[in-house]
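In structure tokens below, several structures.
There are two complexes below, and they share chain A, which is joined by chain B in the first and by chain C in the second.
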Partner chain A sequence: MYFVELGVKGLVYGCMYAMMAVGLTLVYGLLRILHIAHAGVFALGAFIAVVVANETGSLALGFALAIVVSAVAGVAIYRFAYQPLLGHAAFVPMIVSIGIFIVMQEAFRMVFGAYGIAFDYNPYYTATVDLAGIRLNYVEIAMVVAATVLLVGFGLFASLTRAGVGWRATVSDPQMATSFGVDPVRVRYLNFIFGSGLAGIAGALVGLLNNYVEPTMGALVSYKALAIIVLGGLGSVRGTLIASLILGVVESYGTIYLADIFDRDAIGFLFLIVVLMVRPQGLLGRG
Partner chain B sequence: MQRRFVAAALTAGLLFAGSASAQIKIGFHAPQSGPAAADGKSSTVGAEIARDWINEQGGVLGQKIELVIYDDQNKPDQAVPIANKLIGQDKVVAAVSGSYSAPTRAAAAVFQTAGIPYFSAYGVHPDITSGGDFAFRGVTLGPPQGKGAAKFIADKFGKAKVTLLTMNNDFGQSIADGFKEAGPKYGLSITKEYTFGLGERQFGPIIASVKNDNPDVIYAIGYYFVGGPLVAQLRAAGLKQPIVGAQAFDSMKLMEIAKEASDGVFVVGGMDRLRKTPPDLQKFEAEFKKRAGYETEAVAANCYSSVMLVADAIKRAGSTDPKKIRDALAATKNFPMLTGNLGYFNAVGEMYMPLEVTVVKDGNFVGTAVIDDPSILAPPGK
Partner chain C sequence: MSGYVASLLSVIGINMILALSLNIITGFCGQVSLGHAAFYGIGAYTAAYLSKLGVPLLLTLSAGTAMAGLIGVAVGLTSLRVRHDFLAVTTMGIGFVFLGFVRKQKWLGAELGISGIPAPGLDPLAYALLIAVAAASVIAFSLWIKRSWMGFTFDAVADDEDAARTVGVNVPAYKLTAFGIGTALAGLAGGLYVYFARIILPDTFDFVQSIAILTMVVIGGTGSVWGVVASTVALTLLPEVSRAASDYRLLIFGGMLILVMRFSPGGLAGMARSFLGSKRARRRAVP
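For the complex of A and B:
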């Protein structure tokens, strides 16, 4: 049972990584930009959630605003930082993105204080449910449910709706899609709205899960999300999902069985190196 | 606004006064931006309170104290030029580090070469003092802290089975080393040790394993921002064992993050916030809250006392000659730091101070025991 519990915990982390990494891989697929500032959007979501929840007493309002503000921030980053640089070499927007991320972290520190903020009212991270001997807290369950609903919903949207098909068409061949009447600019906005909103939810949930929102919380997940999208095959949403879950589980077992040699963060990268040696194009990337 | 006005007035005063009222300059560096900025801010406010109170009392040797403060961003490559600047440009007679181990270590070598006394308020790495005779430390080293924790656990819980949760940096490892050395001597057995990184906030797999090991006591060595989530998750998982935390659990954020789950958590090397001695403690806590806007952090108390001690050494030296200040620092006996009574410094600048154990009670750190045993707490020599 103990062994299974480790795996379940790993899947929960995997869902968290997935919500963060999907936005990254979507941006990469569409624009070929490594959107490092995505981690700043993630932390922004967490800060909005905690500040609004503490001020108004309404966690629901906190989450709602976290999603809206994150989505707006993501769109703003695209419009004002990436769009003017689209013709440049890939490293140019990437460096800008790193800069935005650093500025965001320092801005959080100045605006919200360097010591971070805890939720005043958060019974959810200590309230647990026993599922056949495995104990999960409410936030962990919410994390799994949110990831499943949102990502399945996204999958249905992409395969069943007109806008979704247009999106996929733009990712695989922007020129052809444009000539068929798909507006690539609209697709990009949609992309940033969805990916950033997702990161905002993930940030707010991680804030609840730790009961602690700190200026540097984006940094913790940013490089892991980068590893995941490389692992999944850059730009592949399905690959990213699978890689997220695998990394979560590998880390979970690794924390216990390999921790004498590596820390948890190193385990993820070791796994990345091994996979890339065998499959340089990533798990589901095209060879 | 008022502070800004005071600062402006002070600056103006300085400009007009010129060299007429000479100042004794003490260097100070702490991380004021970047990930470690929180402790850097507390450190700086603590040091500034000491400076202001010393000056209100007429300063030292008839002169005012000036703190020359720099932001080291918690980076060694920033600390070295800062140390050079403090020595060459600002001509400080002594310096205090309100920073972590890495920048403090780097700067210590520069101050040693220049022959300027340097005081590490809370950086724990052994190398800070081992480079020479001009570096001192105002906090108990890791290994004696770990030994103290072993003694406390044995005194309180008998021959217990202990699981160690250790942060994998120099702070965590050095305390764990001391604990593992002393634990068996006190009849403690260590069931298992799990390590985690500084960035860890989710301990699911580790907690599932601790539950499986079922120890009598959990000894967690990490910072408060790791300790808060860890304690909450241990309790949420239904683990009811006593939790003993290391010194860096000592932050009011621990209670804010873990809420009721933090009740009953012990902190070895903590600071009793309600203590009546030394007499300036309660006054300091009130002043700190006024200036910083939050409750006293231990690092702030450390920096306050470090500046006080350096000023006291200058007074005892009767001179601003760095060599004489060094000798006076080395000769310190029974100086009342806010964190405890500093008994003496050994030959390498490590101090002896009894270790206070606090317990979280109604959202406060309350003293519960004091470990004052030279056989385990005596600072190691070279």
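For the complex of A and C:
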């Protein structure tokens, strides 16, 4: 039973990673930029949620604002940092992204304090449900539900709607899509709105899960999300989803069985390096 | 006062070796590494461990250099399998694997690091001069590489790997050489740091450190020896000059990364070149 429980907890973490990593994959697929500042957007979502929820007493309002503010921040990062650099070598926007992330993290420290903020009212992370002997709290269930609903919704959007098809066309061949009348700029904005909003929700949920929001909370999750998108084959959404769940489970077991040799954060990257040595193009990348 | 000068000189020297060593890998050979601090750490841990066993200074320094270089070549092997963005994330992962490993090793002091390292047997100023001599040698070595046949080949690999292969360059051998030299020098910096600080903690070698080293290289001008030297001195002295700059050190680093990449991707060296270039052009314009 313990073995199964570890697997389930791993999948819950996998869902959280997926919400983070999909945004990164979308950006990479479209612009070929390693969007490290995504971590800042994630932490921003968490801070907005906790501050608004504590001030107004409404968690729903906190989540709504977290989504909006994260999406706006993502679009602003694209508009003011990435767009002017699109013609440069790949490492130029990547380093700008690192710079943005550092600045955001320091700004959180100055505005919200270095010690972090807890939710005033958060009964959800202690309230648990027993599912066939496996104990999950409300936030963990919300995480799985949110990831499933949002990602399935996105899949439907991409395959059924006009804008979604235009988006997919732009990812696979920007020039061709443009000549068929798809506005590439609109697609990019859509991309950052969706990816960043998702990161904002993930941040707010992780804040609830730990009942604690701190300036550096984005860092580790986003490094792992980077590992995940590489593992999934950079730019492949399906690969990213699979890699997220696998990484969550590998970490969950690895933390128990490799505890004496490596810490939790090293396990994901160790797994990444091993996989890349066997399949340099990632799990689902084109070889 | 002389103690302050000695410590400042030591820190500048160590940072300079670190930045120049990364410059060989990233600047000369074009292989982006986001985990350089790991090799700094490998050199430091090797030297610290041996020094506690009573091994003399020069031997521990060489052992640290050799160990970092050997592991560096092994990591360089990954650069033969994966390229560009995959490589950036893989090297970042190596940083986390190193840290995650060290943190769990009781014989390396785990979270507490290694303390009580014996004195180098020189007074602080003489030791600082030793570091300065090492740094000067690394500058000379870098300049020599740049002008040598090997430097030209590195350039070709950085510019266009496939083209270099087509004209008969043994690309894997040169990549491994760059990784070997660069990581060995980072190991030397680690060994020098050990006797300077007399205590090492795992956190000294974390991702932020890797980014700090990369910042010095990028702001100086990737690939430019004198640019990197200038930016290392400037960025190391900055927190000493003003109290505000030391409180907001990371914020300033992040902001500079964004501004430099946005307006002068060639860094200080690029700025100097375009300044001299326009001056020369003006002189030519005047008959």
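Going forward, the second predicted complex is superposed on the first by the 287 of 287 C-alpha atoms of A that agree within 3 Å, B and C clash if a C-alpha of one lies under 4 Å from a C-alpha of the other, contacts with A are read in each partner's own complex, and residues count from 1 in each chain.
Note that in this section contacts are C-beta pairs under 8 Å (C-beta built on N, C-alpha and C of every residue); 3 or more make two chains touch, one makes a residue touch a chain.
In this text, all values refer to a predicted model and were calculated from it rather than measured experimentally.
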Contacts of A:70 with chain B and chain C, given as first, second, both or neither: neither
Touching partner for A:170 - first (chain B), second (chain C), both, neither: neither
Contacts of A:273 with chain B and chain C, given as first, second, both or neither: second
Partner chain in contact with A:222 - chain B first, chain C second, else both or neither: neither
First, second, both or neither for A:81, with chain B first and chain C second: second
Touching partner for A:265 - first (chain B), second (chain C), both, neither: both
Partner chain(s) touched by A:106 [first = chain B, second = chain C, both, neither]: both
Touched partner set for A:230, first chain B, second chain C, both or neither: second
Contacts of A:95 with chain B and chain C, given as first, second, both or neither: second
Touching both chain C and chain B, counted on chain A across the two superposed complexes: 106, 219, 259-260, 263-265
Residues on chain A engaged by chain C in the complex (per definition of touch): 28, 32, 34, 81, 84-85, 88-96, 98-103, 105-107, 219, 223, 226-227, 230, 234, 259-270, 272-273, 276-277, 280, 282
Interfacial residue positions of chain C with respect to chain A in the complex: 32, 78, 81-82, 84-86, 88-90, 92-94, 96-97, 99-101, 103-104, 207, 211, 214, 218, 248, 250-251, 253-258, 261-262, 265
Contact footprint of chain B on chain A as seen in their complex: 2, 5-6, 9-10, 12-13, 106, 109, 113-116, 118, 122, 125-128, 135, 137, 140, 206, 209-212, 214-216, 219-220, 251-253, 255-256, 259-260, 263-265
Sites on chain B touched by chain A in the complex: 33-35, 37-38, 40-41, 168, 194-197, 199-202, 204-206, 208-209, 211-212, 225, 228-229, 232-233, 235-238, 251, 253, 256-259, 261, 294
